[in-house]
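The letters A, B, C and D name the chains in turn, as written, and every chain counts its residues from 1.
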Amino acid sequence: MDKIRVSLLGSTGMVGQKMVKILSSHPFIELVKVSASPSKVGKKYQDSVKWIEQGEIPDRVRDMRMISTEPDDHKDVDVVLSALPNELAEGVELKLVKEGITVVSNASPFRMDPDVPLINPEINWEHLELLKYQRERKGWKGFMVKNPNCTASIMTMPLKPVFGLVSASRTFITTLQAVSGAGYSGLPFMAIENNVIPYIKGEEDKIPKEINKMLGKIEEGKIKNANNVIHVTSTRVPVKVGHMGVINMELKDEIDVNLVKKSIEEFKSLPQLKNLPTAPPRPIILRDEEDRPQPARDLNEGMATSVGRVKIEDGILRFVVLGDNLVRGAAGITVLTLEVMKELDYI
Amino acid sequence: MDKIRVSLLGSTGMVGQKMVKILSSHPFIELVKVSASPSKVGKKYQDSVKWIEQGEIPDRVRDMRMISTEPDDHKDVDVVLSALPNELAEGVELKLVKEGITVVSNASPFRMDPDVPLINPEINWEHLELLKYQRERKGWKGFMVKNPNCTASIMTMPLKPVFGLVSASRTFITTLQAVSGAGYSGLPFMAIENNVIPYIKGEEDKIPKEINKMLGKIEEGKIKNANNVIHVTSTRVPVKVGHMGVINMELKDEIDVNLVKKSIEEFKSLPQLKNLPTAPPRPIILRDEEDRPQPARDLNEGMATSVGRVKIEDGILRFVVLGDNLVRGAAGITVLTLEVMKELDYI
Amino acid sequence: MDKIRVSLLGSTGMVGQKMVKILSSHPFIELVKVSASPSKVGKKYQDSVKWIEQGEIPDRVRDMRMISTEPDDHKDVDVVLSALPNELAEGVELKLVKEGITVVSNASPFRMDPDVPLINPEINWEHLELLKYQRERKGWKGFMVKNPNCTASIMTMPLKPVFGLVSASRTFITTLQAVSGAGYSGLPFMAIENNVIPYIKGEEDKIPKEINKMLGKIEEGKIKNANNVIHVTSTRVPVKVGHMGVINMELKDEIDVNLVKKSIEEFKSLPQLKNLPTAPPRPIILRDEEDRPQPARDLNEGMATSVGRVKIEDGILRFVVLGDNLVRGAAGITVLTLEVMKELDYI
Amino acid sequence: MDKIRVSLLGSTGMVGQKMVKILSSHPFIELVKVSASPSKVGKKYQDSVKWIEQGEIPDRVRDMRMISTEPDDHKDVDVVLSALPNELAEGVELKLVKEGITVVSNASPFRMDPDVPLINPEINWEHLELLKYQRERKGWKGFMVKNPNCTASIMTMPLKPVFGLVSASRTFITTLQAVSGAGYSGLPFMAIENNVIPYIKGEEDKIPKEINKMLGKIEEGKIKNANNVIHVTSTRVPVKVGHMGVINMELKDEIDVNLVKKSIEEFKSLPQLKNLPTAPPRPIILRDEEDRPQPARDLNEGMATSVGRVKIEDGILRFVVLGDNLVRGAAGITVLTLEVMKELDYI
């Protein structure tokens, strides 16, 4: 089988390094080019990156020469993956898709664009159908696919099966987000050690919108976003990796909590059915221990989220979700998105 | 003025040490005896305690000989303060009050007893009125006054003025509690470092009940507990001191958020009016910075709580509370309770 | 090939759990029985252990019934591995060896006994020769082999090749030891978070003695301990895993630092030669980056130590060592010791 | 008495904020102007600073308009205090002294200049004598006084009395330095949480030189630096405030450890004699507990260092030092230096 050849933008940041690591042992996606900031063009990857992933820089990538973000440098790959910081992403990615290049991106711009699918594979792989209409509607020559905000990605994992089972008048989410979500240098030790910061810029506004888009349905070639009422308060906690959410849902009807647990635990989707390389066999692991999930125990292999403390009392369904913000939250779902696109012949 | 002479049970734990420190410079309460476990009786305080409060052991207490918890050892003090662990408290405290001794206690047993006032001074000092009936109803010779769970104490500070202003159909509280709330040795470093534990034994059940008792009204010599519907999820975070709560209230009627902020900021009560020594001039400090309150910044002097992120959107009032779990949560309000009792001639 | 059947004492502690994990995928050592405290006898392992190792309890061990520490319960295994706490180890292990059982132990008692080999496999596998004389000298029917203190084990890795190359009049070691070295509940979060404790009970006395025994030579069937002058100051730092040592050696003669680096980097021994399963291909990884080794980056797979900051200036050789205190420091070398014993027909 | 009017460069950084706090309640030094980067000129201090010191910004400073670093802006103060970052300090401070302004600075440039006194008040206040010759030798119109590197400042506190008592052939110092020493944003949480970094750029080279200059003697109007042989390895630990040093000294002669302890504990100097406001009554607090000093317990009020684990064994004197890197290490000694200069009529 031919390998899918990809290049990677933003290859030196935390999410970029995670993608480099995941792709270093991929059966059919081959990372052939790496890019970062203009100042690094021409340098070797190993001299451009402050490598902080576990282990050493994968050999094949070590000596790769960094390329630019210009379309000409990416004409000979099948897909450009992007882990660019938001402020750079919009301009760069737009230029690439206009030039006929397919971009699958983690960055924020265009996520809520009605013509761009916002993919968390198990949740809404079918939204890729938008690609059939995208080029015409947008006037682009290439395709753009987006992956969601890390917290939205993780929270949606159990919300998908749960919202398929119950209706809620309101959903409250309080997040306890890890520091790596802010990037390697995002938060100084002096700011967050022995502390909690009850605010993360931009987060509380994004999360409900992205969740509702992911949970939306395709109708007549357009996504009709779900209209769940979701209230989010985001906090930052002194944990390196692992975003947690405490979720309370005001149910409209009664339901047996065991049905809810079952729907969460048994949730599977196309990636599991097709046994895709980066798909976790069980996307959600249900914990019945009273003090789980925990970041120190339940990040699993990165793609499976964990859910615990499931309870229905007095018409309120409460549960706690945890996921790896760098893998399920970012790098892992970008790679899985590519695998689904190949499976469905979008690549 | 005569000083109030007190003895202290559980004087070597974290809350006990905090009380020793607070009382070391008190204008009219004098700590004259200290007690801990039976094995320490007769030893000097300095040889019994693993002192972890800031500074050195106050001189006056250093050489005090530890006494037992038996009533005979406490007959010559005016009040016995108790920071005993729950499993010991019930038996010891009951024995003392039966023998005619007045006990003001931080420990859990009897908090929800309808004949025992559960005092968070600014919130419900008037519940001390129960003492007029207690001895007769209980058949005790002494008085028992209780202070609430640390988290309940802190959360009730803004809930008092807010519930005086609005009605809510439901209130959701997600707590992020500090490790000191579990006692000095309560949690190993290996368990909580770089981690969040989404469960604290017994907490979620206690908090709504104690809040509703504190917010209750005295009617015909009995407390009619409030009946607010409150849902709590408690988590433990790797912070040493400072319990935070993210509160979402589903309002029954519309209200201007500025009225809510004003009621929180201007909240004052008898302790402030009477300028009691341990009363904070402003019991609640309202922060308008977007990323406050934080444990590293807003513990204040220990008795004032901080509130921030106040917002009303879509019928939901959301705010974040923070308080010092050892002072407003425990030791400080015990001392302030004593000051109020003296002010109202209960001592 | 017949598998080596082993039982494990102290199987529920941190070191015990690490051994359970390592043995769960071992080519020729089979864990067939597990033991812990008397109160657990008869219970399943999964109901006796608070599992904190990564992943789940290995299936084969999950339902094993806990046995006692009595010799009768261990007669049908080839070797008893012990991760017992020190206070229990002496009595239990002595009883076992007297009854003809072979014990390989991590616990402190008997480590410095002249008739008991103290094995850190790459360093002094040849000390196993003592076993030829042990039973006669001790009057035991079984064999006892000891593994060293975690810090001594890690520090000795580079000291072996370095002392083979240079002579030093004095060696100073300042250690920065991880909290897991004290056991799971050894240190409360409140004691060590945001803190350094410049003292670890018993450590500074043990480390020089154990290092000198490991670096000693067999002469006429007895170990002649080395007589290096070593001064140790041990500190505890708020890190979960990974003991670091800053070593300064006062050299007697001049030497080229590159020869020292070469001897460290190229150090290999019998375990590497025989390609034993738990032997790291390179026992010491030399880092040339100026800010390495670090616990967050250089624990490797647990058996290889890392060395960096190698410098000779003004007659002083200085370097920094780091190792995984649970693997190279304890569980891993116990398993590797067994592999060496089998290789040399002691089992 | 006339107050000493001072302006402050680098007033928004950690050290600057600490100085603002210390000066907010000073009996005779008055902070009248504040400065930071060019982009802040004209703004109010409260709008320029990200205040992270405990409590609120002192009222008097809150509304001060930031000035530039140009000499004209500082002509009407008595002394300019500088907490500028190193890269800016040299140019700015030189320009000021050339224009006749007296500068007392924490920044690195000029510390080792033979004509500039490097003052840690209790240690070498008498080096201020250099000021009698400085203007002539340097051709400056104003005076420049420097304060040392934070770690050098703290380590020198016990080294002064100890070197006055014993001779050592070599002294080894391993430091465990707090993160605040790198500035507020100096180290990301991701870099240092649950980690140790065994390297701090520039530190190991500076510390011995600055210690030897501080311990030097004035001979014929020049400082003859001491020539102690000192080897330093610096590590960074995940602690917010408090630099620790483990010191081993190879003694040339025997001495009773109690004499050493006495000399450390009783060490006093001119600042204590003259009862200067910022002088700690006892500059060094000797701890006899086996596990002290600790950052969480022994920062004292910031100016007194703590020493423990004092032992002489086998000709090696070993002790552990701890100090507040922001106060004794920087801001506090700058203020104390000013007090001494006034006492000795240099101002």
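In this section, a contact is a pair of C-beta atoms (placed from the backbone, for glycine too) under 8 Å apart; a residue touches a chain by one contact, two chains touch by 3 or more.
The structure displayed is predicted, hence computed values, not measured ones.
Looking at B-D and A-B side by side, the one with more C-beta contacts is A-B.
Across the assembly, the mean Cα position most removed from that of chain C is the one of B.
Centroids built from CA atoms put chain D at 41 Å from chain B. Separating the centre of chain B from that of chain C, both taken as means of CA atoms, is a distance of 48 Å. A straight line joining the Cα centres of chain A and chain B is 43 Å long. Contact of a single residue of chain C with at least two other chains is seen at positions 52, 193-194, 238, 240, 297. Chain C contributes residues 14, 52, 179-180, 184-194, 238, 240 to its touches with chain B in the complex. By the touch criterion given at the top, residues 170, 172, 174, 176, 193-199, 229, 231, 233, 235, 237-240, 242, 244, 246, 248, 250, 290-297, 308-309, 313-314, 316, 318, 320 of chain D touch chain C in their complex. Chain contact summary for the complex, chain D toward chain B: residues 52, 193-194, 297.
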